[in-house]
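Each of the next two complexes has subunit A plus one more chain, namely subunit B in the first and subunit C in the second.
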Partner chain A sequence: MAQRRRQSAPQNQSQAAAQEEDDDLTFTQPSTSQVQRGLEKVTNAQVDQKTAEVVQYVLVKDQKKIPIRRADLVKHVVKEYRNIYPEIIKRAVRTFDQVFGLSLVEIDTKNHIYILVNKLDKEEGASQFNNPTNPKIGLLFVILSVIFMKGGVVRENLIWNTLKKLRVDPGEKHEEFGDVKKVVTDEFVRQRYLEYARIPHTEPAEYEFRWGQRADMEVSKAKILEFMGQLHEQEPQSWSQQYREAHSSSAQTGTSSSQR
Partner chain B sequence: VSPDRARRRRETGGDEEAPRQNGSGSGRRRGDQPQTDGDGGDSAIGSNDLQDDDNDPGLRREIRSKYRDLINSVQQNREDMLSPSNNKLTEVLEQANKLFKDVRQAREAALDAQLLVVATDLGKEKASQLFSEGAAFDPTAFAEHLLSFMGLNRLEDGDDEQNGVDGYLPQDAWHRLARRADWCFRTAPSFHYMMGSFHAEPPPPKQRIERQRKAPSKEAKRIMPTQLRKMEESHQEATEKEVERILGYLRGYYGDEPTSPISYYEFVIDPNSFSRTVENIFHTSFLIRDGLARIYLDKAKLPCIEPVEEGEVEAGGPSSRKQCIISISPKMWRVSKFQLLTLQQHKTLL
Partner chain C sequence: MSRQMGDSHRRFLQTMMANGIVDEQGAKTLYQRCCEIHNTQYAPDKLDEFIDILNSRLQPLFMQIRKGMSEENGQQYYALVNMAETDVTRMSSDYADNELELFQKTMDLIVSSENGKACSTDILNSADTLTTKKLKKSETEHLLQRLVHDKWLTEKRGEYTLSTRCIIEMEPYIRTMYQDQVKVCHICHNFAFQCQICENPACSIKIHNPCVARYFKGRSEPRCPACDDFWPHEIPEVRRPHSHSRK
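Let's look at the complex of A and B:
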């Protein structure tokens, strides 16, 4: 993790010039030597204190699963310590990893957006003792599975039609989800579970769904396929294309916390 | 009544709004028939028969409408048509071929092309289904399996009989699915304070409130004072001016004939306008209040008005003043105006 950070720092700088201008004017990634100099001026305890604040901020922000922008982090928490930002985030990543079993992942290296992902796989049945589950996970699961099984991208109509068969009509208020269309095209999109984009050259405009960056990080295609097999009473391998994709990408997702 | 009209007809035929004029279509066509013969040289196609067919707006509309229906039905029933078990795509294409026989104008051809785009897209998806390795994925079957998993009771009637779906879906259906689906997610458990906390995100709402408040108040500050000042000024000024104007008239009348009393009602009533009359009464009352005029009763107990000389002002002091209320209704005004007019006539006659 530490290495990754240091390696990516100079790379970030070159990018920084281009995109930082519009996004976070207030902050440019300091260079390694700047960080070194900055660290000499503060005590270790001060850095740890800032790190703890960052960790708490991220945890609270994560309650709503809206990704955390680096610009906000710097503006609200890091503040005058921005010159040693890389060191602080490095320590925060370590804390999440070692204390909480979570990994803080930068899902968008261009706009510097982070999410928290659980490092521990859930065991079957384990969640039944856990806190009450959010029914929206079920809704999300249906959408993500259809997208995955259909090869990664589907027209919105297919999603709406499938949901209608499950008695969820995007045009009506659902007792469990409320405004379904808003949950799917706004909430899930902002949480980066889904991407919802207009299909080019369509008139009238048509939209399509893909997996969002958070789904790529959080959701195991192999496990979806396993559940699929259970539902259809088929071997997961019988969807050979999807099976191959799930098992090549699950290797990626599984180690993503240390690769990305 | 000649080529102009024929041309106009062709133009409206090509117009998007054409179907709205459905009713007038046939009638006009009959009337135009001889002209079409007449300006045959105007058209590229020589044969009368063909041309007739070409320009018949009813037929053109029908073809376009059929094309649109076909495109719509393909778009609406996309999922059905994709199912490998039917031949609907072929049926649609055969229908389109039949329609194409009558296609003459560019707009119909464009619709045909549009249908082709839609059909091609469907064909592409059908092909991808065909070539995908392993088992195909059928969302409809998936939905059915999910419903079973969610505990659908197909024998019981649903609470709400929407879309004709039957079977009863238990309350916790989505929770059931969510519990199982949760295994596929490596979501970080969300963090909670043991003793509760403030609202998860206190700063943003605060900002929002501030921003909302700031914006309108600025506007209000900018607009309100100017508005108010204007209103006050104009009102006061207008009243003052009116009162002065009326005092001028009163002094004028009085100066003309100081000996003959001026009847109050004659003075205030405007025979042409009830509202002016009310305004006159209102403004005159200021003259009385300020002691610039006085009202007294003549021998016939009718109120008369006369201006007070500069020196006499406030002579009696405010204590000796009396108040009285004058009311006038439109009905009263109409009667008195009639009397006033006849009176004036008399005067002029005399």
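Let's look at the complex of A and C:
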């Protein structure tokens, strides 16, 4: 894909890591007056340039669906402009909104972690889920459907059995996906599409799946019902509980922050 | 038609970000779909204007949707390119240093070859000369697969060429790094890697295969457009666009 990180990785690593780590932990949002003073020292073009770098960095991470930590953003991109961080983020948010139709959402307010969410109407064939060119998305869609139809949480065995029926065996190396189990329990989880957690008090440990925050924001439950309806030749309304959930107001707005 | 940026533009851009590159027909279809979904006016012949509006907003971000021709089939493609960096270090978030070095060596091989191709044996041999960190044979093979998958290289029967996307996106880099070696097509004036060459040593102009097909179509005796010598190569058929569009 076209966007790549401006700063090359080896350079970052070679920097005095310890000092940087300290900086991360102590980074606090500068106050409005600090930002004001900071802005007096730089030109508008410099702020725009920094904003462009931030936008690129976020797009690259988002390409791989990796959530963005504010600390990394400051450390790798914003750097000496950290005193005007709020202004840069404000401009980046505006750019994502106006140019890309994406919104930068903070999914973890404690650790300051962001993801990009599509603002274009997800019912209208906007999202990649309605037009999966990437087979992994198809796989994910199946898993999210199972979880949704089973009321929001399922034991992992149910997922593995469903996939086996579709000839995707988590125990074998798959031609397209490689290590299926890793894709599902690691990649999709890191991308915040799925949550994968140990069921308390199980010995040996058993795990269960839920929808992750990104799925809540990006995936239309109404679409899933439609898909299930076609699959089973049934009206979506016949799953009344799911239908109500899919068409409740919170599910429809989609890009509002997670409801859980 | 509206000069304003709208949701139809945003949707178009999002799809370009997901795909990296689309052929002209794909771009037209996408343009139409985006306009339909967002109920904006659609004019079949206004694709480039539509993209210009996007580009005016992408430019401050050092990004651009750029048009280029496939050396393979002569079709136009649109690629979303990043202009923030003009060398291969831009690939550095996806590839390690020695992997990038191997990619550079592959480009060297392709650029210095007559036909714009590098065979896998030569690439594997050059892996032994890496200065950063040696790559094992299996690692090199795996890397080549990745470069093809990421659409930087194209592979056919063990021979590698620069992909359309790579030529469009790396244009400034190729221009600086290989300015003496790289020639442009006599017909379309884009870089010519996979092409035919005039055999008159005083001339030796290059023409892309699809450009050859179009230029010589219907001419009884093919002659070089520069030196008028006989053109001794096989003249390929003009490919009907989109009959079998390659990804």
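The rule is short, and it goes like this: the second predicted complex is superposed on the first by the 212 of 260 C-alpha atoms of A that agree within 3 Å, B and C clash if a C-alpha of one lies under 4 Å from a C-alpha of the other, contacts with A are read in each partner's own complex, and residues count from 1 in each chain.
Note that a residue touches a chain if its C-beta (ideal position, glycine included) is under 8 Å from a C-beta of that chain, and two chains touch if they have at least 3 such contacts.
Worth saying up front: this structure is predicted, and the values here are computed from it rather than measured.
Q: So, does A:Asn118 touch the first partner subunit B, the second partner subunit C, both, or neither?
A: Once the two structures are laid over each other on A, A:Asn118 reaches both partners.
Q: Looking at A:Thr202, would you say it contacts subunit B, subunit C, both, or neither? Reply first, second, both or neither.
A: After superposing on A, A:Thr202 lies clear of both subunit B and subunit C.
Q: If we overlay the two complexes on their shared chain A, which of subunit B and subunit C does A:Phe141 touch? Say first, second, both or neither.
A: After superposition on chain A, A:Phe141 lies in contact with subunit B alone.
Q: Pick one for A:Thr109: touches subunit B only (first), subunit C only (second), both, or neither.
A: neither
Q: So, does A:Leu158 touch the first partner subunit B, the second partner subunit C, both, or neither?
A: So A:Leu158 only meets subunit B here.
Q: Please work out whether A:Val60 is in contact with subunit B alone, subunit C alone, both, or neither, and reply first, second, both or neither.
A: Touch status of A:Val60: both partners.
Q: What residues on subunit A does subunit C touch that subunit B touches too?
A: In subunit A, positions 59-60, 63, 100, 102, 118, 120, 124, 128, 133-134 sit in both the subunit B and subunit C interfaces.
Q: Along subunit A, where are the residues that touch subunit C in the complex?
A: Subunit A residues touching subunit C: 1-6, 8-10, 48, 52-53, 55-56, 59-60, 63, 95, 98-102, 118, 120, 124-126, 128, 133-134.
Q: Enumerate the contact residues on subunit C facing subunit A in the complex.
A: 5, 7, 10-11, 13-14, 17-20, 33, 37, 57-58, 60-63, 79-82, 84-85, 89-94, 97, 169
Q: Give the list of subunit B residues in touch with subunit A in this complex.
A: 78-79, 128, 132-135, 137, 139-147, 149-150, 162-163, 165, 169, 174-192, 200-201, 203
Q: Which of the residues in subunit A come into contact with subunit B in the complex?
A: Per the touch definition, subunit A meets subunit B at residues 59-60, 62-65, 76, 100, 102, 116-122, 124, 127-128, 130-142, 145-146, 149-151, 157-158, 161-162, 164-167, 169, 176-177, 217-220, 223-224, 227-228, 231-232, 234, 237-243.
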